[in-house]
Amino acid sequence: MKIEGKRSIWKEYQKEIADDRYFYVRSCVRQNFFPGSEKTFLRIMKDVLHKDVFENASHTTCSGIGYHSDVVPFETAMTMVARQFAIMTEAGYENFTTSCITSFGLYSEILETWHHFPEVEERVRQHLINATGRTFNKPANLAHASDVIFKFRKEIAAGGMYRLINKHTGKPLQVVEHIGCHYSKMFPAKGVGGAEYPYVLAGMIEDWGGDVIDYPERRHCCGFGFRQYLIQANRGYSLACSKKKFDSMAPYKPDFILTNCPGCPMFLDRWQYALSEMEGITYGENGLGIPVLTYEELAGMILGYDPWDLGLQVHQVPVEPLLDKIGIPYDSKRKFLTMDGKMMGQPKAPSHLKFYQHE
Amino acid sequence: MVKNFGYKILSDASIDFDRNDKRIADYLKAHEPSMNLCIGCGSCTATCSAGHFVDFNIRRIHTFIRRGETNQVKRDILKCMFCGKCQLVCPRGVNLRNVILTINRAIEQTG
Amino acid sequence: MNKKVIVVGGGVSGMTAAGALSELGMEVVLLEKDDHTGGHAGNWDRLFPSRRPGKEVIDFIEKSMSSTVEIRCGSRVTSIDRNTEGFTVNLHNGDPLTAESVVIATGYELFDARKKEEYGYGIYDNVITSAELEAIFKEGRQLVTHNGKTPQRVGLIHCVGSRDEKVGNLYCSKVCCVTGVKQAIEIREMLPGCEVFSFYMDLRMYDRNFEELYYEAQQKWGVNFIRGRLSECAENPDHSLILKTEDTLTGRPLKMTVDLVVLLVGFVPRPETRIISDMLKLQTGSDGFLSPVDEHFKDNSTSVPGLFLAGAVKGPACIVNSIADARATAVQVKAYINGEMVKW
Amino acid sequence: MINFNLFVLPFFLGLIYLVAKIGKTWYRWIKALPAIDKVKFIAGIRHPQLFLSALKEVFLEALIHRRMWKRNPLLGYMHMSFALGWFLLIVCGNIESRFYSGTHLNAPYYPIFLKFFIHDKLVLFFEVFSVPGFFRFLMDFLLLFVLSGLVLALIKRQKSKWFGLKRTTEFQLTDSISLACLWLIFPMRLLAESYTAGYYGSGGGFMTQPLGNLLVAITPFRSDYAAYSMWWGYSLSLGIFFITLPYSRYMHIPTEVLLIFFRHLEIQPKKWYSSFSDVEVQACSRCGVCIDVCQLNDAGINDSQAVYFIRGVRDKYVPEEISRKCLLCGRCQEVCPVGISTDSLRLIKRRELVSGQASDFSYLTTQRTGAPCQGEVVYFAGCMSHLTPAIIRAMKGIMEQAGISYVHLDENGSVCCGRPLMIAGKDRQAQGLIDFNKRLIGLTHAKLLVTSCPICYRVFREEYNLPIRIQHHSQFILELVKTGKIPLQGHFKNVAYHDPCDLGRGSGVYTAPRELLSKIADLVPVPQDANNALCCGGSLGIFEASQQQHNAMTAVTLDMLMKNQPEILATACPLCKKTLEKQSPVAVKDIAELVYESLPKPVYFAASGQSHPAKSYANELI
């Protein structure tokens, strides 16, 4: 592996990311899957980076999940996206930032479509007027929230309490970065670093002290694939995709997996459980799994936020071994307490995948 | 104790050349090297007497053999009538009847 | 009327044209930007299909340029002006030259394999180009992997940068197919224990003895040909590479580990060619190579009187064709200078 | 006079050993015959006519060497002089000895060494007209006869080409010992008799007496010692020859006699290795006649000719590819002086190579192939004919013209006849195809099966047990012509006919195609034809030949066929046609095509066997 080769490619995919004044739209599913992530993003933007991030409760799904599941037509999706833009315009913002990769992909796809087919844009504007009476400006800048964290990764590193160093060995942690398919596979120029060797997460890992693992199935989908998971009969395919990735990365002994998509961490995390139950296989050391983090969670960890405030307790694969490696303190007793201090209940231990026992 | 979630892990559909069992391919290579002359034109399959009546693609069969994909092939090859038309039309001079005979022998020897 | 001709480009075509023109009584100046003539062909070890040493051909052409040809290496053309007197060619170093006629023989560039990011050239340790392999042969080095081991399996990837809309090149580079077959044989020759797999979409054995070479590769050297374009290449922990392709003859995806990947890079127009064509308002094809006035009958002429084209500046061509083309150009130039009408 | 001397012992013991050994071997072989063949054998040898005819062939083949004579007179003479000469020496010697002893009950060595015991001084060596004089003359003459063969044999070692042999086999150790003894026997006898006659000054014939006199004159020591040692040498060479014979190639001499009897008693080769095979294998004289006729030589294959293959069988080790490297053209069988069924032996070995792996023809159903219609004639073009559609078109045109109601059984693709599988030794697998085709043929209710492919023709006849007539199309068309069903008008000049192996040597059909062709063409002679015809080179019999090797054989065959500058090559096999036409300088046509082109115009083209759109249109025109 020649890192200078990668750097020269990364240079070619420099993406413009707005500096401030973001209109932020949330993901449909992330607040369930990884409830601390979006909250942490807002917290970092406000407390650490002191940026203006605007949120409006009336924004809806972009309908990407329906679009990619073949239940929402493109025309409908475009009109819904047009409405989001209208809300942004009405709020006086022009930098559109999404929490979700599929949304990001859909916005990119729609803007690209409108660019090549202005008549379609006109038609959609008309649909929106007909339906809501709203008009809109297209965003001046479209970024995924991970682009924004990437942009300020050095600031986060500077203000951080921890680095991705194994405190026992002093060596950098080995990190698998997994990019959501819809981030740059459709439009390589829209992603930091392009589609082949995306830099958006790799840049964070580098600057926060870790080493990126380049493993053969790096490009492969996590297995979500919408139809593959949403229809139960197809789930074996979804699972096979994840397994292919785990089999491929396991020889590199990754300390954790970093992701930037709603679906990927969900499946890379939960399927480790399913695989262990179905086949008895685990991919981490000593029967443990490989922890899977969102980039917001990781940024929060670097900044020294309490792991349980980041929502790490809802992960299937326990993150405590990773916290121990980095040296982040945590209170095991508080793991399953709600925000107001009540016991939220504790999951049953899986048959194979080890629960972390803190000594 | 295996949990049933209502679905199974699908096996990989791709040809895994590294892991595949290439004993038959090696045997074929040693005993009928003309096999390597194939350019995939499909003449053999197009003229095949057996292929006229049943799904039997001799071109694909020997290509699979060379890739080490042998499970289905072991059953398929039994459909060959051995008439030799394939060999007569092959533009590359592949000695196809001996290819099939050799595959048969290799299957017998490798089990 | 003087008989001064400037030939731009000191590769096979330029040298042949210069030699032929000088033979025909012209006063020839050959301009070459590098510090030596020979062009790409000077880098090739042996030539397809006969596997004759490339040096033999270059030596012959160099010898055929009589002492009357003035060779100026290290001269970069900054502009070419057409005026009533003929042409003025400005160089980055030295005085402008004038001539009655100019032959553009600037040839081609090899496709930059880094543009096919998914193949990992410049990123993975064991991905090289066909030109690099040729250099290994030419220098008589042993073919080894990045960490000095003898490769057990080599993958040759055809059509890298050719027939690929994704890199903007719809055209076929013509010579890579047979180059790949030749190099496959040469790898087998050098390393009899090494398996060679060629991944191709079509094998376009268009010229005499090419198909026979392909046959030889299969029959005598046991080269394996797999029909399917490489989709992506990934690196294993041991720096070997996993190739993913569809084996289109079985209709199934196929993956395979190889120790070394050779990318058969195609032809692309030189950026300089674009500058020349802009400067003189010459016609280019959708492929970016220069187009002659008429592909059949004025295949060396341009819309600028006195300006002629020779060789691969008009698109991918092998050495044999470039030599023939350059000779034809020389005849055209002579006729032009002598004020003769060329009826054929 | 006691008619015994110690020196006769080597001969005598050798003879006893040989007789016992052959007796034991024959007994073993006959005992191992299948019950039905054993019955045939015992009944046969008791049947005077059969016995005599077998004996006649033994005489013609084992003594006269008729086949050898046909092949090369020099070779024939050489073999005859040894076999017949020796045989007569024994017979006449016995009669002669009876004259001297006056009894029939002589010890077996007595006639052999008669001149040692008898020195008849009453008879002069040039005397011919008395009984002993005649015998003395005859015995010398026969010895000279044998010795002339020996001289030839010595010459043959150096100049085998004079004997029509380009290549021959190598000797193994026992062969060499045996041969050395065989060659010594008669010179020793000559010397022994001559010395004896010279020493006694009488008792020799026209050759031995003068030679003996000369020898005695020039021998510097006591010539009775010389004579005695020569008798020892004579006896020893006989004795060693007899003892080594069963272990050498000369075992073929007694075995051939048994094989001739087997054949006359209609004992046939089996599908599996039997004691008949053993007899055939042992009957091989390793003469190597089969090497030169084998066309694999033209392909540069020179390790699998019949004699090498049989050697492998005898030594119980046949490399797989040797079994498979054979065209099965039958040429070696045709020239074998012993008449060994080489193709059958080869197939037996191929069958042994096939293990239990089955074929799966369960897909063959009438739903898939279509159920045939009914008609008086069922026409089976054969797989290969689908690659030579001109043959099919011609056959259909001919049958239309003749007004035959026929069913084209494999119009929509052939179910292979099964012979290609059988050629690979897969008889059991072929049965699936045979059974299905039999069913289809049965469904047509036809009384006659006509095929265009000699390969199919052969297997239909040999393996199908069909209750109906089977004809190759050359026979069928000839019959149509003879019964006036089709008139022939065309005439072709300079046509050479190529005999397909499976039609000619394989099925014995030589005259029908020639007779048919002669009605429409001037035939030019083909140097090697009929049972001596060459294979086209495209045989399905061989598995291990490359395309280039096939082509090389075809080139040689074409050279031979083109010898007399024919303008058309005619054949009667789609595979021969396909093979020859790709390299032939002139057109290659099937007999059916030539006949079709000879039909009076207009010719009715029909799209299929059942409908006649062109015909009805033509009728309208008329």
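The letters A, B, C and D name the chains in turn, as written, and every chain counts its residues from 1.
Throughout what follows, contacts are C-beta pairs under 8 Å (C-beta built on N, C-alpha and C of every residue); 3 or more make two chains touch, one makes a residue touch a chain.
The model shown is predicted, which means the values in this text are computed figures rather than measured ones.
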Highest C-beta pair count, chain pair: B-D
Centroid comparison with chain D (C-alpha atoms), farthest chain: A
Per-chain Cα centre nearest the global Cα centre, belonging to chain: B
Interchain centroid distance [CA atoms averaged], chain A/chain B, Å: 45
Centre-of-Cα separation between chain D and chain B, whole angstrom: 40
Computed distance of Cα centres, chain D from chain C, in Å: 65
Distance between the centres, which are taken as Cα means, of chain D and chain A, whole angstrom: 85
Contacts with 2+ other chains: residues of chain C: none
Arrangement of touching chains [line / ring / star / complete / other]: other
Touching pairs among all chains present in the structure: A-B, A-C, B-C, B-D
Residues on chain D engaged by chain B in the complex (per definition of touch): 324, 355, 357-361, 363-364, 368-369, 383-384, 386-387, 412-416, 420-421, 424, 426, 433, 538, 540, 543-548, 575, 578
Residues of chain B defined as touching chain D within the complex: 34, 47, 49-50, 52-54, 75, 78-85, 88-90, 93, 95, 97-98, 101, 104, 107-108
Residue ranges of chain C touching chain A (in the complex, touch as defined): 114, 117-118, 121-125, 232, 234-237, 239, 242
Of chain B, residues touching chain C in the complex: 13-18, 29, 33-34, 36-37, 39-40, 59-60, 63-64, 66-67, 69, 92
In the complex with chain C, residue positions of chain A that touch it: 1-2, 5-6, 8-9, 194-197, 214-219, 251-252
